[in-house]
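Step one of this worksheet: look at the structure below.
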């Protein structure tokens, strides 16, 4: 297509702009391709010594503190491995990609970056997207992908055809226990006389995302099965929730025995709790996941006392469990705190698991071999004993495998109150109920 | 002679169209100058240049013995050059009293604005009646009075009035021209532009006719020849031919 | 007699707040003539033009008849397409378009029915008609004042309007340019275009118009042949103040 | 000079064809694809924003609606994927009719507010219709485009590159056609002086609607392409991130020219890729770049390059005589 | 019963926050004819500055807020100087200014992330006062917001009504040319207006940072709501803005209570679009003007 023939006098701009454009594009692209080729020479030639481990982590956005934990965990593991002289003649380097607010877009870009990069031999994460769609991408690209969170989604994707995903393994177990444990514990405490429910009613707050929804659904089912009444439910949009006022009003008018909020984002849960405490009801409060993050306690301090929460994937804080104690020491040496970030424990374990597999298989390009080795492995990690279920590629759950740890803040400390095998304290009535 | 205002060879325009083509004039410290001439020939642009709203392309403007070209309208107002612009939009949401007070404080008479308002109310008793009314709701004549009053609030050494009777009915025009006589008594020097030639000639000492961005004719305001010239200018042909 | 009237207003009025800008104005413009509209500043001339073209205001009362059809409720675009084209007091052209594209827009959207095919020849003819000798591919922004006025007129003429409304075409021009413009308008009129011209300077009108009306304070005070109108004492009073007619 | 123009289109096409053969690295290919897609979006947005002077912030909405149309069609209805591309364009055009409502009555920045809110509303509607759109989860598992048995992803996404290049080429042709047509001239006329334009018989509403719909069609197709490229769609596609990214492309490149936004797309894509690991510094650099360009070169990089070429090509310019 | 009181309390808190934002936006819009897309980012930055003065410089809370307001007013002056005045006089300058303020948003947000990190922060409660009305509780910062926001904006409105500076601002809004001829220097007034507006946004930021959390993106939501307030109350009229802010607060509280947090924004935005279509000059504008 050409400009209209009558326009004889002003035919220059397109030609000139086009030239400029092409020049700019070619110049810029050659610059960029040369930069990418420098990285490829580092690894491609003769089984060069440095391997990259990709990390997908939300370094910015609402889950940034989880992302920081993931990064710290992976970095600590890599440093330890490199300091010990590497694995099978290779040392590791971390290649971190920010998945921001876990948006599909950002995750996709991150996945593309990592799958396009030949040097990246394995990718680890605590969690990346909310739907774990990236599992298919990594499987298609035949990259090793070790994942932590959103196990319901992982299970949904993998169990249709586990053979299609030989390189994808989740070191976090099935979340079903999240949907039952709080109910079972509440009944247990009532039976032990630690707590007297007035009418066995529960109020459930959920966030509009698959993780919160599936846990909330599980809880509703379990509450009903155990003879509880659901006094009310409220769904909030996924993302920052600033004003819980109307939700609180509904909670107060329902006046339940037990309040569960499955919105896992730490800021939302902290503001939920702060606003609840302005005018509390005589209810137990259970917050899904968020209080595990150190930031929750930093924001809440004394106000955190009494809050119940649990975790399937964090470090097992038991004095008699050696891998966990070792990580805690190393973490303190590296980062100055013995509050090991739960996501850090996950990525730490993932890197260690990969290193172990690589040591056995030897060739980092034998992705299938490494994947197969990991699938059959049985290791003691800081998060518990990791053995994989072949039908779902998830780690097995249970007190003898990866335990579900339940906590309560007591006297401004995080106290493990279940399971009995590891526990360091017992449930107490929260201060607002006294 | 020591002129209060000197405009020398000023060229100005908007974009590429030239409006003023090297116009020159002076106003003495106690003099009243009239500008006559049809629309679109540069009178308003000249006034905007003088009061600093518009930058001339070339030429010099001096006020009270100082070069005024770099001055903002605010600087000039505080030095005593006050321009009451054409049209009477004023500040529709300000009351008469607020508008007058603003004119006083903005021109640097923050301490004595109350006295100023009292004086303005002496000149325009009508404004006193309307003091609480928003200027947007005033009649056309009253709005012109408010505009003039705001001009007086700045205690001008030179007051520039651009078409004060524009769009007024004959009756209101007559009323306003009486006010203008009083205004003339309050200010040392004045430039008056108006479509009503009689009014201009009554209130000024000298006049210029501005055509095509330059002064084409000047004279003393009391000569009767002025009328004949203006007629030929506006109506084509001279009065003699028509008689 | 009535059959030759192409554009007429019938008791048209428009107020802005308390100001009666146009107050019961009735004029009629005949086929092929040049009709002048005069009056001092603020008399309501431009407002009347706005009412004729519906842009951007409509009359409060009264009718506007174009070829016998009431158009006072029609959209400005409809009126333009029907063949009533105006120019503006400020020399308005589309500054970011070239001279050629100014004409192209005028032709493509202003013509009644389907516009004739736009080509070089039409562009050149339009430029020749207004004696605009510049490079048609230069931006309109750089033209001199007179050339902008020429372009504005050409842009209106290129759609072959039935009536051309000119709002103070001579404003801002020096005498030589004014002469050139009057010559140009005479030529265009000789080509058969009906014109209504607003002009403050009556001498320009007397050179062009066959009939004229003088407005003051929104009302028509005199209508007639220029030489009669100029001699009327009411006109002198309107222009020069009450004392002038003595 | 005329010959050069005639030659420039084939030359442009040749460059588009050859580029991926020069840059075989998958990362560089991906960058080329993104440049082409953003180029399409930015150029089509500039039709309304730059040429027509409409504060249209709904373009991101059209992009997202195109993407969601494709996502829903191919995952829920089994429509032939290739067919989803034009359908997405059409659905974006339909959406543009709704978004155009504010343009009927509002002016200037108010149009900006209303159209921005339109894009925000898209987010909430998508979240509200979770059954269809997957809610905050988005739509995942969108099958990739294939040609015969070959996936467009194969060989470092070369298929996607050529699809993007073809779409970009078509967009450039479309934008040039519009800009050079009487429609394009009338848009400038309305922007310069609406009253005069209306008095010349130009209908603001009609002309603006046409260009609004044309821009929306391109954005819808780009959205569809994006859905196939990524295999997922989620609500971030309506978000502030894309908005600022594309605006910076348009204004960095120069909103007054046809190719400015394309230049901007190339530059911003490269800069943001180069600073991929720089975290927050990336946005700081891009924002600073925009501000510097706005300060020193109001017409953007395109204006700068034009100035440079003018000086270089025609040392004694006789363009302005007066 | 408690539903109504909760809605009312929510209205007062939300309305107060939106009011602080929207009043500044309105002021800037009516005098400079600029929609400041960076207002949310300025709020965020003010909030962080308050946090720093409190936790890093160790100042008392109230002093920190005042210090942040002053510091932000200076940043506001730089903002006007660098981002608004260079562009505003250009042809098509309104769009350029808008892009410049968007770029400023990017700069401030990323800058905040670099300076303060991605982790959220919080300011302590402002006081411990607490009232309870029919089951609805307001305490600490909420209570301060309920009182302070209308007080500040009311004082501002009164100052604009009575003082010479206020007269100058209003005159400039209504007739820029004539205002200059009276001796008003527009640039100085613009500067003052931007500084006041940014100061108000900082107060809003401190309140928000205490009731909720401080994060780089915290300003986006209040900005969007403030836009809705402007559409509702008619940009450029302070009384309209006051009414609009509480109307939007009420609308939001009611819709949140009855339709949930997910649907409330949809309904609020729909209301805004409908109002803009039906009454582009703002729903409340003419009535307030006539009063």
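The chains carry the letters A, B, C, D and E, assigned in the order they are written, with residues numbered from 1 in each.
FYI, a residue touches a chain if its C-beta (ideal position, glycine included) is under 8 Å from a C-beta of that chain, and two chains touch if they have at least 3 such contacts.
Source: prediction; values computed, not measured.
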- Task: Starting at subunit D, figure out the least number of steps needed to reach subunit E through touching chains.
- Result: 1
- Item | Intersection of contact partners for subunit A and subunit C | D
- Farthest from subunit B by Cα centre, which chain is it? Let me know. A
- Query: Per the centroid of Cα atoms for each chain, what is the distance between subunit A and subunit E, given in Å?
  - Reply: 36
- Message: Could you work out how far the Cα centre of subunit B sits from that of subunit E, in whole Å?
- Response: 42
- Between subunit A and subunit B, what is the gap in Å from one C-alpha centre to the other? 76
- Intercentroid distance (Cα basis), subunit C paired with subunit B, Å: 31
- Message: Touching at least two other chains at once: which residues of subunit C meet that condition?
- Response: 142-144
- Message: Multi-chain contacts only, two chains or more: what residues does subunit D have there?
- Response: 127, 279-280, 322
- Item | Touching two or more other chains - residue numbers and ranges from subunit A | 7, 59-60, 208, 237
- Message: Which residues of subunit A touch subunit E once you look at their complex with the stated criterion?
- Response: 59-62, 64-65, 67-68, 208, 234-237, 240-243, 245-249, 252-253, 266-267, 270-271, 278-279, 295, 299
- Item | Interface residues, subunit D side, partner subunit C - complex | 182, 185-186, 188-189, 191-193, 195-203, 319-322
- Task: Mind listing the subunit C positions that touch subunit B in their complex?
- Result: 18-19, 40-42, 89, 91, 141-145, 148, 168, 171-175, 200-204, 206-207, 217, 230-231, 235-236, 239-244
- In the complex with subunit D, residue positions of subunit A that touch it: 1-4, 7-8, 11-18, 20-22, 24-26, 28-29, 31-33, 35-37, 40, 59-60, 96, 98, 101, 103-108, 112-113, 116-117, 130-131, 133, 136-137, 208-210, 237-239
- Task: Report the residues of subunit E in contact with subunit B in the complex, numbered from low to high.
- Result: 164, 167-168, 170-171, 173-175, 177-185, 289
